[in-house]
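One chain, chain A, links the two complexes that follow: it is found with chain B in the first and with chain C in the second.
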Partner chain A sequence: MSEIITENKTEKKMLNCKINGVALFVKEGSTIIQAMYENQQKIAHYCWHPGLSIAGVCRLCMVEVTGNPRLQIACNTQVIEGMDINNTSAKVIEATKWGLDFHLINHPLDCPVCDQAGECGLQDQYMEFGQYNSEMAEPKTKKHKVVDLGPTVVLDSERCILCSRCVRFTDEVSKTNELGIFNRGDHAEIGTHAGKKLDNKYSLNTVDICPVGALTSKDFRFRQRAWYLKDAETICNGCSTGCSTKVYFNKEGLFRVKPKHNAAVNGYWMCDEGRNTYKFVNKESRLLKSYQFKNNSWGFESMAGAATRNLINIFKTAKADEMALVLTGQQTVEEYEAIVSFFADHLKSKNIFHWNNNESTVNDFDGLLIRGDKNPNTKGLLQVLSKHQISTKWTDLENQLASGKIKNLVVVGPENISVYNDLELKLNLFSKAEHLIYLSSASLPQWENIKTLKYVTVIPLKTYIEKSGTFINYAGLAQKFNKVTTVVSEALTVSEFAQLAKGEELKIEYVVSENLMTSEHQRADQVVLEHRKKNEFVFNRGQF
Partner chain B sequence: MSVVKNDSKSSQWYLPGILTGLGITAKHLVKNLFNKKEMITINYPEQKHEYSPRFKGNHILTVKKDGSLRCTACMLCATNCPAECITIHASEHPDASVEKFPISYEIDMLRCVFCGFCEEACPVDAIRLGPEWQTPGVNGANFNYDIKHLAYRANLKGGIQSVVDDVERHKSGI
Partner chain C sequence: MSASEINTSANEIKYLSEFYHLPEFKTLEGYKKNGGYIQLPKALKMQPQEIIDLVKASGLRGRGGAGFATGMKWGFLPKNNEPRYLLCNADEGEPGTFKDRMMMEKAPHQLVEGMIISGFAIGSKKSYIYVRGEYSDSINALEVAIAEAYKAGFLGRNILGSGFDHDMDVYRGAGAYICGEETGMISSLEGLKGQPKLKPPFPAIQGYLKKPTIVNNVETLAAVKYILRDGAAGYRKYGTEKSAGTKLFSLSGNIVKPGNYEVPLGFSLKDMIYGLGGGTKPGKKLKAVIPGGSSAPVLTADEAERANLDYENLAQMGTMLGSGAIIVIDDSKCMVECLANLMHFYHHESCGQCTPCREGTGWLDKITTSILAGRGRLSDIELLLKVADNMKGKTICALSDAAALPVLSFVSKFRDEFEFYVREGKSKVKGVVYKTPSYQSDHSKLGAH
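Moving on, here comes the complex of A and B:
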């Protein structure tokens, strides 16, 4: 967020400087570490974070400035005109090395049980600068382990290097001030103020910014080692803010969501609620096959595509005003376009309704990221509907269902059903239709509670992780995202459903074997070189 | 490798060679008949060969002094395993000083190549390859060995103790 603020300020003078022999043009007032960070220069650091204030406590980002006999910390030294900086000299490396040794004096080295292992700042810098035996002969100070900080975070004070990033986060970003550093000297440790818990809507950001394994997420704790996971970028579909995120996954499913820096939307942060958006994607909570409810029982399991083909006749023969479509704000713009044009242009039906789950809270905003509209693409849906000149009221649907005018009702159900409190109520309403076609990615146990079912076909859909598309957020910013991986391969996207319902064949993209290795034909979940480098230990095994 | 051909005259006389060979066989037959103790072959399966204790046979999960599992579920063995035959599921231990432990640890013995990389990767001497080398089983036998078998099978007599002890390490200041 701070970056947005600095960008909005008036134009600043640019300064010439030289970092590691490379001539750079830097904004006036920026620190050396900012200049290096923006120009992709490597520098060791723990306490500095681009989204937080400067603390200058880790003493690791040492640089040598020509003309100054002593080393300076890069995070708290501003660049001046003609500065000649370097952080690769023997003097700097020696200083960083011994700075690191001080950090490791009381570090317990329990990497085998530490969740951070594999993505730990201490491990990275040790491989870069350290690789020595500790000079300390005294026993290590023991501190508290497995401290329950709150509903989401666990603290291990032994591993903590007191960089104070988490403390500054609760002071400056979440503004909840739960965390502090207590005691002195080598007994100093992170803790919460008496009787308070680290319990805010952004608490898991402290886990992300912790450079070591001191703060770990309760949700992710011990479920996977970091090196077994691949990551891919996507857009959070938890609310209409549309934060840029990274999801971490492997063949067993998705395991966690982390924020990705996006100055225009979310800065460096995301909310705790958004981190749960991987859960409804995993196979346990998904609808895997198509089912039919007929003659008072669920049965006739079939594949999604075959089930959709069976519906072609209904779409051909039914009258336009006997059909209706219900959409939620959880699908992509491309899918809305496909299904709405299928209904409006092909079937000539204008009975398209917007299922709005939170009309009263739509404009809520907590001041940082969380918005009351829990759909990522309400704006997109409204844009597509207005493009096709559709303006219907929800009460029309209720009346028409009650009078029995609508015979065939297609509902594109929500993915994230946990934010749809009115789900069961709405299912009761939909079940009044003679034939309900319910498209859903989530398997719904709620069907059991609905006694008025007549004839229902449920068809599995893909989630936002499994398709490419566009979400338009609250501010009207269209954000494209790519497919991450496939969880339920037989599920359909809404566009595919519309295509099949029209009677067309699905276009299956195939690649000629000569083009297989080119970058545009790479599978979305293919392990690329970047990942290989990251997981060097796994992939290079046997070469040494 | 190259083939060496011997086309000399003497090599065409095959009978002396055969007789020499038969002689060696007869010599060993007579020797074994009168000196059974030094016979190299054994009557398997009634008699079994004793390998050295360093032989890389079936895996053993070691235990702590109190008999609980030494493994910390760090997954380094599973990561290092070239056959990918180790599956571990970790969980939170009620004791904060232990923190993490495996609730399931399975080795697919039919996949295992007995390379010993798991043993080398282990930071706490929790897994060893023991001298046991016979793993017979009839149709449908379970070769997915679990914790119960790997650590507490009958012939381990309550478990093999690990040499790495956390309590002692903490006392010495690590």
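Moving on, here comes the complex of A and C:
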């Protein structure tokens, strides 16, 4: 995991202050809540988010400043020299308790059926400050439920505490301005502006920053309870930006990806596309065993390690210029190093080619996070290639395959095949080789469409979730990440493949996988989003 | 109160409203005939800072409700050439207040002249008058007056050859109470939802369109020209040391002669009610007075008879002068019903931004309505106080306080009526239970309001 934190270069004056009795040294211009947040002090808050502007509306982050009889909100009060602040006095605790109660009086308290339960701001604060019985005896305000905001997000207005984080996100970060708060007072509701849907490439960030269960992700809702999930940090492999992420998983598989704060790369956000990168890791879309295509049919099922050992002879006997290696930008630097040195140094073959799936869009950038190069480690691959002084042209590969010069072709295929539109085209090309050794984490139904197959060995690979390594992003930033979990324990990393192919001993640990995540086990979202309920109050505005 | 105790010698001082009885005062000609646009050329020859100092010395305080010293407010503007705006707050949404309306309808030029002078003093080249949407007559009168002023060269480029440019426009509000709050008004004027803005930054530093902005009430701006005419000492002839000048009061409720009355600050509330207002109707006794618009804590009859109409005295009595709307309540009125009415108003008008106000106003409304319907619990009375207490001083603007203060004062001063209502399920005063008000059934309806 990268631990890169960029410090603001401009020198700022430091101020002395005291928060809850702890003497602190904070940057001039910091608000009290920033100072507390950066110094791991607990403070209740809903509307404040470090990546958004200050709204100051939840009124929960009350602090007492010595010398001021009125409680102040920490999010909009700047620290001044010598300030003595606390949020532990009886006065503050009472104010916070009431602030929480105001949030809860019209809240449906439907935690047992709410997706946010277990990671909900209201629950957390209630355990911290509440644990009382509500005095609200009047009927609760009714609002809209199951509002279909767009392709990715569902809104439950009764759970909403109107912190306006999502509205500010679409105004300030995605700059798509779909959301607004409609109506006044306790009838106010979040909604999309007339004729608009919450449909942008970053829409699911609104679900992350929603402190309650008002906004839920259509992809994740009702799939798992938050407390049945473990999480681990990794790097998104969706594009060359390399956002820091957290993946949530259990023995049934991976369920979601969320951004993790990384000031150097992605701030607090990630794109919706990146959140789908867990899907190709789950067992349902994986290649589990090694197979061979020989004599016009697929067969010879075997374990990956055994299949690789069977190839040792080929690598021993084949001539260097009859061998070639194709690499994509989807593996780690360590794996590139292993396989490239195996080819270049051990086999003395310089026939190593870069399969670039997005030559025309490689430099595209949407201004926020999404980049046109849909590979996490193109830079890493290019660095390893140039280190071994390999410069080849793709056309050379095509010519040599056409002329039959290349007999044994090793291809390390992409993990995320959804961004490889040229996959079938390339498989057609590769199948011209006498023996194609195709390493892939994805099971490829595309093989069915290739009519010119001669002799193919497919070997299952591990995905980025199942190995440790380094990705080098578009800017040349090397980010290390650790293995999260094992999904297909029989699969190999590219380094392991290289080691085995060299004939070295490698103990492969076979763990009986508990990963059961297959499509049969997945339940469909059973709540029907009735068209009637879609943003009704927005479209009927003014008719009441 | 016997007739002998009533001070009939207490009279209005018609300072601002001297010529309001003349229909011609509305026109440019009539206004000029009666002393209009004499101060403007004088002012344009002065140094702006001189005018600000003069206003400071006069002790003029904001007439919109908060009573903040006008000269000091102007002094908060940054001392540079950044463009700045002068906004006139004519939203007049505080229940019980109708003085600005009269001023705009009877003497639009008085406001226009006051604004040009004030604009010159603070260096603003553009001003807006934000008028409450329902005030069609005021808007028409102002638009005519502004057009006349342009024609006469009092507005536009190089006013009266002084080199000072000033443009003025009328902006029609859409009827939200919250748009009378200065930052709410600025949001509305910017075309945004009428919601108060977080302070700091204060409008004088960053207001309309993020530029330095001064927001003053109609009456405040109209008074500026009189300060120029009479000097600071002349203005201070009326009123008290800390509450200088005269003020228009809107007298309404259970009173024989409701209407607007101009009196010097420090005037006795008793004289206002019994002298100018003619007292309560025959056979009725004074029970309570809300002295400064619906947000001001209520006074009992006894307190009201001791009170003076100035900022300090009313603050001492635990209430406030506010916008100067005096609402008189006689003994035929049920205080529970009055409070429920107010709570419904604040529930309806909360902008919904800050949680304590958004949820609290609704909660208070629901509790008072359920008491009114005979469903109250004894614990509800304490709950009203607790909820109100925790809404006070916890939000961006003062609407939350405006809803909380009446609750605290009504319940603590007329607790017997509330307890009776809860215990007996009917009004102590009227002996009946109210039918569920029509708006109460709306709570269950989606999207009501």
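Following the convention adopted for this analysis, the second predicted complex is superposed on the first by the 497 of 544 C-alpha atoms of A that agree within 3 Å, B and C clash if a C-alpha of one lies under 4 Å from a C-alpha of the other, contacts with A are read in each partner's own complex, and residues count from 1 in each chain.
Here is the rule we use: a contact is a pair of C-beta atoms (placed from the backbone, for glycine too) under 8 Å apart; a residue touches a chain by one contact, two chains touch by 3 or more.
These numbers come from a predicted model, not from an experiment.
With chain A as the common reference, chain B sits beside chain C without any clash. Contacts of A:299 after superposition: neither chain B nor chain C is touched. After overlaying the two complexes on the shared chain, residue contacts for A:113 are found with chain B alone; chain C is out of touch.
By the document's definition of touching, neither partner reaches A:67: not chain B, not chain C.
In the overlay built on the shared chain, the residue A:476 is in contact with neither chain B nor chain C. Among chain B and chain C, the chain that touches a larger number of residues in chain A is C.
After overlaying the two complexes on the shared chain, residue contacts for A:195 are found with neither chain B nor chain C.
When the two complexes are overlaid on their common chain A, residue A:138 makes contact with chain B and with chain C alike.
The least CA distance from chain B to chain C in the superposed model is 9 Å. Overlap of the chain B and chain C interfaces on chain A: residues 138-139, 142, 537.
Residues of chain B that touch chain A in their complex: 72-76, 79-80, 82, 90-92, 96-97, 99-100, 123-124, 170, 172-174. Those residues of chain A that touch chain B in the complex are listed here as 109-113, 117, 138-140, 142, 145-146, 221-223, 225, 227-228, 537-538, 541-542. Chain contact summary for the complex, chain A toward chain C: residues 54-60, 62, 70-71, 76, 94-95, 98-99, 102-103, 105-106, 135-139, 141-144, 161-162, 181, 183-188, 537, 540, 544. Across the complex, chain A is touched by residues 176, 193, 198, 200, 347-356, 358-363, 366-367, 370, 377, 379-380, 383, 386, 390, 393-396, 443-449 of chain C.
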